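Chain IDs A, B, C, D, E, F and G follow the sequence of writing; residue 1 opens each chain.
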Amino acid sequence: MIIAILSGFIVASLIPILSKSIKGKGSIILPFLPLALFAYFISFIPQVSNGKPVDVIYSWVPSFGIDLSFHLDGLSLLFALLITGIGALVFFYTYSYLKGHPYLDRFYGYLSMFMASMLGLVLSDNIITLFIFWELTSISSFFLIGFNNEDPSSRKSALLALSITGLGGLFLLAGVLLLGATGGSYSIQELLSQSEMLKSSGNYGWIIFLIFIAAFTKSAQFPFHFWLPGAMKAPTPVSTYLHSATMVKAGIYLLARFTPVLGGTAEWNTTLIIVGAVTMTYAAIHALFRLDMKGILAYSTISALGILVFLIGLGTDQALLAAGVFILVHALYKATLFLVTGIVDHETGTRDVSVLSGLGKVMMPVAVAAFLAALSNAGAPPFFGFIGKDLIYEATLHLGDWAYVLTGAAILTNVCLLFAGLLAGYKPFVGALPKQFEKVHLPHPTMWVPPLILAGLGLVFGLFPTLIETSLIQPVFTSLVNNDTIIHIKLWHGFNVVLGLSMLTLTLGAMLYWRLKPSETLFNRTLKFEIISPKTLAEKFRGVFIILAQYWTGFFQNGYLRNYVITILGFLTLLLGYRLYQGVNLYIDFAKLTELTIYEVIVVIIMAVSIIFTVFSKSRLVAVASLGVIGYAICLIFLFYSAPDLAMTQFSIDTLTVILFVLVIYNLPKYKTFSSVKVRVRDGILSILFGTLIAILTLEVLSEPLNRETSIFYAESAYLLAKGKNVVNVILVDFRGFDTIVEITVLVIAAIGVFSLLKLRLKSIEKE
Amino acid sequence: MTDIIIIALSSLGTIFILLAAVGVVKMPDLYLRISVTTKAATLGIGLILLASAFYFNDSAITARVLAIIVFMLLTAPVGAHMIGRASYFTGVKMWDKSKIDELEGQYDSKTHKLHSEDQKSLRNNKDGGKAK
Amino acid sequence: MNNPYIVLPVIFQLFTAVLLMFFWFRVNVQRLITIICSLVSVGIAIWLFNEVYNRGILTMQAGEWQAPFGITFVADIFSATMVLLTAISGMAVAVFSTGSIRNARLKFGFFPILNFLLMGLQGAFLTGDIFNLYVWFEIIIIASFVLITIGGEKAQIEGAMKYVTMNLLASAIFLTAIAILYGMAGSLNMADLSGQVAQIENRGLVNVVAILFLVGFGIKSAIFPLYFWLPASYHTPPPAISAIFGGLLTKVGVYALIRIFTLIFIPDEFLSNLLIVMAALTILSGGLGAILQVNMRKIFSYLIVCHIGFMIAGLGIYTELAILGAIFYLIHDIIVKTNLFLISGLIFKLKGTLNIEKLGGIYKKYPKYSLLIAIPLFSLVGIPPLSGFWAKLFLIQGGYLEGQYTLVGFILLGSFLTLWVIAKLWSEVFWKEAGDLPKKINVKYFKELKPLKQWAMIIPIVILTIISLYIGLAAEHIIVLSKQISSELMNPSAYIEAVLGTKTEMP
Amino acid sequence: MSVYDYLYYIILPVLSISILIIFIRFLMGPRLSDRVVALDLLLTTGIGIIAVYSIHTNQPAFLDIAMILALIAFLGTVAFAYYLEKREKND
Amino acid sequence: MELLLVMLIGLLYAAGIYMMLRRSMVKLIIGLILLGNGANMLIFLLGRIVKGKPPIIDSASKMLTEIYADPVPQALILTAIVISFGLQSFAIILVKRAYKITATDDLDELNTTDEIYE
Amino acid sequence: MKTIIFKTASTYLLPLLVLFSIFILLRGHYLPGGGFVGGLIASIAFVIHSFANGIDQTKSIIKFHPGFLMPIGLAIALMSGAAPLFIGESFMTGLWFEEPFSVIGMVGSALFFDTGVYLVVIGVTLTIIFTISETL
Amino acid sequence: MIKTRFLSNLLLSLIWVAITGNFTVENFFFGFLLSFFLLWIISTDRRENKYFNRGPKLIGFIFFFLYELIKANIEVAYDVITPKHYMEPGIVKIPLDAESDIEITLLANLISLTPGTLSLDVSDDKKVLYVHAMYVKDKKEFIAAIKNGFEKRLLDIMR
């Protein structure tokens, strides 16, 4: 199985290498990959429908409990079949759709990668692995949406889609990790047994919040839905495959998958019902005013996704059954409509429904597919869509208090969706054929056969629901409700309220279709509401965020070195002060101090005066000279306190530094005072504060006893073991010789640096 | 005996240094300060160093002390010359009660060349020659 | 166990540098030596890693002076890993430089300095002596000063002023900290200090010193609010130099922080909270900075800051799991950041600019390079299962287990901002239609280079990309390694024992 | 009073006071040359202090520092003189 | 004496930092030098000071036995002094170069590399 | 600076100071001094000479660029440190001749090391100062 | 030339012996080798000069110098400690008989070393020495004192 899942990745990574041979006609071999996979997954139907899920585990990161463990049950199988089946059709479709496109090979690469990611997502039992595939779908989607990358709006849409789904991905990461941390396992199967514990744990609210956000972003739920219409910038095969049939359903899959684990609580159900209901109605109404076929389909997809979330939120057996069926229903008719849209666009060059008409005359098979899909969408009997709609009403009607409201919402949604379906699947093909479309002809069969197959299946499953009842739907239901209830789906339930509602929907939809004629003006009128749409708000939020970023960055990284230094030192002073205040007891043992003598006092006075003189001197030369005096005073202090080597070195170095200064000083700027008195006082206060802290710290350390072990060792072995009598020198060249070799290396580097700074002048050609 | 020599030498040396110190503060112009101090100090330090040579009474140390003295005798006047000359260039004025300045105008301000003949009279002669 | 040869990575770098100096004017000879020697040092590093991995902690007492009296070098698995990564990054940058750096710079000691810098890094990772660490840090900073200014262009000098000032400030603080530490404990050996500091009764004082170390190393590792030098300077030198800086220089600060705060100063509550707050704000500052930039290298510079925050977060949480995450991130980040800066160098040679608004069309013209580059880019984002992803797992999980939910939020925010920035960068630089190449440009374009030089620029990128793929796909290996490192760090007794062993009797 | 005490209680303080006096000139200036002269004298006097201190502590090793001081003090003066002349030339 | 030295060290640190906070490049360098001196003095003082007993074994004996100054801080300071010399000379030249290129001593004018849009 | 007095003095100071620097170098193991201070004194000698006579003349005396003393010195220090590695001992392990030499005393790797330091310091100081003087 | 070189070599070896304070044959040879090596490295163009031909005169000169030094120091001291200034300073041009660089340098240094006088500079053609003096009562007298004192004695030794 792992090969089946990863084959997409393998193919994708082989494509850049083999791109020459795959380009052009050679690419026809690629659709056989999903086809083969489809067949492979079909072969699991008997086993799975017998209630025996398939489990495969490959070790990957055992030390963190991350395995490539796959669990093929009804839900996964349904998705796997959709992914590979529709995948195969889309692959074939693409062959003609992008024929002659220079980057066809790349496109197939991304598509294969996506397919593999999606398969991995739905088959993973390990939630970390699931997350990994989840992210991979986002990334492949990014590349696919941005496929026409020289078009700015494509790039923008790709970025938007990635931002939203990427954000969701991070929530998912946070969610699954929290889930794992709480449940003690990353395996969904194992978490199932922890279900009760998880629901009662304190993290439960956070877990479902995080997972909800992930699901809502991926499945374009309100208010995260706005990336999806933009994603339609992608070539039609992508819209078909990712943005209607598979990827957007990943969020649904996630919710469905976790329903047995986390579902059934009030928080879970209420949130999903509200979000689902709002999304389905909001998007359905939006679909009414679109002119672009893809736009219509995009909003109707969002609405359909809302229905699914809504159904999962209802959480009753009927609702979950309805959800399971509706996933399939929607995939079939929506994919068809998208593929059809692609053909129309491909052949006529437009997708504007107000322009398109009469195309049935020139591309009959396409029109047939479109009609079938539109009818299934409408929920007309005997189509599979009818069954789906029935189940939905069935579910909403059994909800007690809220039944009427929710059913009403469902009807409203369905009416609008019906309208949208007719607009996309019916309107372009009927009526008079405008002149400009007379030369339009039927495309290559690889383009029109796939929609026909899909639409046909919608009819077949409607007529013969038993075909899939036990083989597909029952296992799906089982994995959703996690019990042994047996379901029955059929076309005809007799005359009942549900049928009435279906008919009502059909009638209202048809009326709407006759009454409402989409037009530019109408569309523009709806645009006014965009100011309060989530998209606009998100963009505003982004703007605010950027301003915040500018403010923050501009505040800290303001370009002024002194501000950097003062920030660092202020921070240090604050921490030091706090820590000193917190835990240091000032205590000075005067008895331990060495006596004062006049010559030392004088040296100290000279040094102190020189320091102040250096700071306040108005001339840089005087400052340098007085820096020299400081150095010489230090040298004397070293001398008085038994450090002849130090005194020597300090003295020579000090002189050399002064010489260096003197040599370069007339290439140095004259002293100027730039800062205001206020700034100087502030800096002065900080400096004095810092100096005082260091002094206090020093006193504190002086009152501690010192461990002399090391120094005693040196004193005792300098001559006997290292054959030297100047212990300091012995330390430098022997005990700690490593320091010295590094130290001279520092000097060498500094010299090279000075040399290159002064001598290297790049000619213009040599810059880089 | 050594003690007396040490005390004598060090006292004398210290007095010279003190003199130099007072001189460097008191003298009215830079040249006088250089003049007074550099040498007085050299002599003073020489004496103090000799005192320490006597104290340690070790040929190696004595040799070293002599070396220091030689070094100082070698470098101090050169240093004084350098700083004096440079100061003259940078226009450090002499004490206003100074009697005579034969260096005035002798430096070529561009090349820093120092002439031996009196430049003023040379110039006057030239001008005079022209006038005739 | 004692092994005198663990110091080889350091010595060999010094040897290389000295050898190169003898060929000061022979630029091509320098190129050859650099390539050969950098390969040899990778070999040495692999040997060392292997040795340590198989035999445990190795020590070298310089001059055979037993710890704590001499300078001890310690190769534990953490050090050995860092040495290996340094050798690899160093090799990549060295080879890249042979192609990309112009002769003018090479004639002024570029290669010797580069090797000195690597020597400093290797030394810092291997030393077990706090003052010796200071000395290595000084080598690193002076070498980086020279590298950042080599060529002396205006931007370089301006950046360098800030870089130099703040690094010198950091050194002064570090030195102050060492002074106080020695004044309290009378030792410089880090393993010895571990015990000595633990015995000091005046805990207040110990805490204060810890603060000094935190700020000193914090500046070097570019943590909030100490990071300002980094975005001001990292984009100014030639890209090969930025690469070694971006890959390794801040990491040595992180290394030092981790080492010090696991071995000598075990953070108390205040300190870990402080680290956590600093980490969160570091992530925020880096991320916010990055989204504003249009210069590719400045973007990467801010991202360095952002991602340093991840590592500090791991240290702040201070559990074995979180430190595992920090270590994993460290490993990943060294390879990927080095690579990204090399890539910026490549792009500059291709296009003559690094302004993402002016760049474009690379995907169209160079599809294979683009896909190659995509891997490190998205590794940085942490797209699973690429290398940047794994560390976050542990950091977040570590955060959860310690109840640091806000910090987890910041880590996620940082990840999101990284994603945003990189996606934007990809879209602008690779997808967008190609703009006109700058007319007045002072570089030789890539296509004008000799094939040998072209290869010299491409091969290192390929190697580093393969390594980052390995880190991501064979994450198990890296996790096992990081786990071993973090468990050694959290239980330093083995380290201390390996260093101190039985102290020699005094004569 | 022994030689030791004499040096310690008389000579060393007097030398220190000399240094203080010289330092006054250093602070007063007014020209750079004045400060350089004062600095030079300061160093020379330092040699004296070192010599006396070496007797006081019975450490001949300190005389070596005096030796180096004598050598290098010269260099500082020369450098400043060098600078003064160069500046003159450049201005 | 320790008290005086402590004050001196505090003063060196304060002066160093004050100079580093100026806008003049030359003052910045002087500040760094002062800071370095402060750190060296700090090491020296914290190694505990001993008067007139340099850690040099006299010619007659084979080890230091009586009280002597701790040689370790001295060795550390020696190394630190030398290193700071290297760094300082580089910094001085850098300032010179910066001045030559930018023709200003005002550090506030050296902020192009920090501009967000560049 | 063209003054006869300084020029003449510097001509005599140069060998004297270099000699003195070697003295300081050799006795470093026993008394204050050593490679570092020794190197500084030697370079000061050359610096003084260059002040008096100009860089070119000083350079012509040294006959090669002083910068080359840096790798030479480093190499010597490195060798003396790394030599013990070849006999399986740690870096910087002291190796000593059995008997003391006259004048210098015990000769061992420490002395070579210090000599390396000495040369490096000369090379560094002169490189810095000469470069500055040349590019004024 | 060879002779000069040898003499310098010898002189440096002696200085070596002196500063090391180790008066042994080995040390002398070591110093000799060292200075030989040094001179080989630092081959400066040095004019021929004969150091040791004039030993006795040298000793006489040293005593003369010390005498001058102390005498002048006392004179200056008086001026320094008394509040009033008695001096009459000025810069005087002194024509030189000394010709070689070493002669001029030695003379100038000796003048500088005696308090009250300071050799400011030598003219580029080496013909005159400009001396700053504290007590220039009479210019001619002052010049004569220097020419007959320091210069004459010095040249006696040097030539």
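Everything below uses one rule, namely that contacts are C-beta pairs under 8 Å (C-beta built on N, C-alpha and C of every residue); 3 or more make two chains touch, one makes a residue touch a chain.
All of these numbers come straight from a predicted model, not from anything done at the bench.
Asker: Strictly by the touch rule at the top, which chains does chain A share as contacts with chain G?
Answerer: For chain A paired with chain G, the chains in contact with each are F, in label order.
Asker: Using CA atom means as chain centres, which chain is nearest the centre of all the protein shown?
Answerer: C
Asker: If I rank E-F and A-F by number of C-beta contact pairs, which comes first?
Answerer: Between the two chain pairs, A-F has more contacting C-beta pairs.
Asker: Farthest chain from chain B, going by mean C-alpha coordinates, please.
Answerer: A
Asker: Which one of the chains is farthest from chain G, going by Cα centres?
Answerer: Relative to chain G, the chain whose C-alpha centre sits farthest away is A.
Asker: Approximately how many whole Å separate the CA-defined centres of chain B and chain F?
Answerer: 32
Asker: Taking the mean of the C-alpha atoms as each chain's centre, how many Å separate chain C from chain E?
Answerer: Chain C and chain E have C-alpha centres separated by 27 Å.
Asker: List the centre-to-centre spacing of chain B and chain C in whole Å, with centres computed as mean CA coordinates.
Answerer: Measuring from centre to centre gives 58 Å for this pair.
Asker: So how far apart, in whole Å, are chain A and chain D when each is placed at the average of its C-alpha atoms?
Answerer: From the centre of chain A to the centre of chain D is 71 Å.
Asker: Counting only residues that touch at least 2 other chains, which ones in chain G make the list?
Answerer: 15, 19-20, 22, 108-109, 119, 121-122, 124
Asker: For chain F, jot down the residues that touch at least 2 other chains.
Answerer: Chain F, residues with two or more chain partners: 1-3, 5-6, 9, 20, 30-33, 36-37, 41, 44, 47, 67, 70, 74, 78, 81, 91-92, 94, 124, 128, 132, 136.
Asker: For chain C, which residues are shared contacts with two or more other chains?
Answerer: Residues 14, 62-63, 131, 135, 138, 142, 145-146, 149, 152, 161-162, 165, 169, 176, 180, 183, 188, 231-232, 292.
Asker: Kindly provide every pair of chains that touch.
Answerer: Chain-chain contacts present: A-C, A-D, A-E, A-F, B-D, B-F, B-G, C-E, C-F, D-E, D-F, E-F, F-G.
Asker: Could you list, by residue number, the parts of chain A that touch chain D in their complex?
Answerer: Per the touch definition, chain A meets chain D at residues 597-599, 602-603, 605-606, 609, 613, 619, 621-622, 625-626, 628-629, 632, 636, 639-640, 644, 647-648, 651-652, 655, 658-659, 662-663, 665-666.
Asker: Of all residues in chain C, which touch chain A in the complex?
Answerer: 14, 62-63, 65, 68-71, 100-105, 107-109, 112-113, 116, 119-120, 123, 131-132, 135-136, 138-139, 142-143, 145-146, 149-153, 161-162, 165-166, 169, 173, 176, 180, 183-188, 196, 200, 202-205, 207-208, 211-212, 214-215, 219, 224-226, 228-229, 231-232, 238-239, 270, 274, 284-285, 288-289, 291-292, 348-349, 363-364, 367-368, 371, 378, 383-385, 389-390, 392-394, 396-397, 400-401, 405, 408, 412, 415-416, 419-420, 423-424, 427, 430-433, 442-444, 475-476, 479-480, 483, 506-507
Asker: What part of chain G is in contact with chain F in the complex they form?
Answerer: Within the complex, chain G contacts chain F at residues 8, 12, 15-16, 19-20, 22, 24, 26-27, 30-31, 34-35, 38-39, 41-44, 46, 101-102, 104-105, 108-109, 119, 121-122, 124, 126.
Asker: Please give the residue numbers of chain E that touch chain A in the complex, ascending.
Answerer: 1-15, 17-28, 30, 33-34, 37-38, 40-42, 44-59, 62-64, 68-72, 74-79, 81-83, 85-90, 92-97, 99-100, 104-108, 110-116
Asker: Can you check the complex and tell me which residues of chain D touch chain F?
Answerer: Per the stated touch rule, the residues are 61, 64-65, 67-68, 71-72, 74-75, 78-79, 81-82, 85-86.
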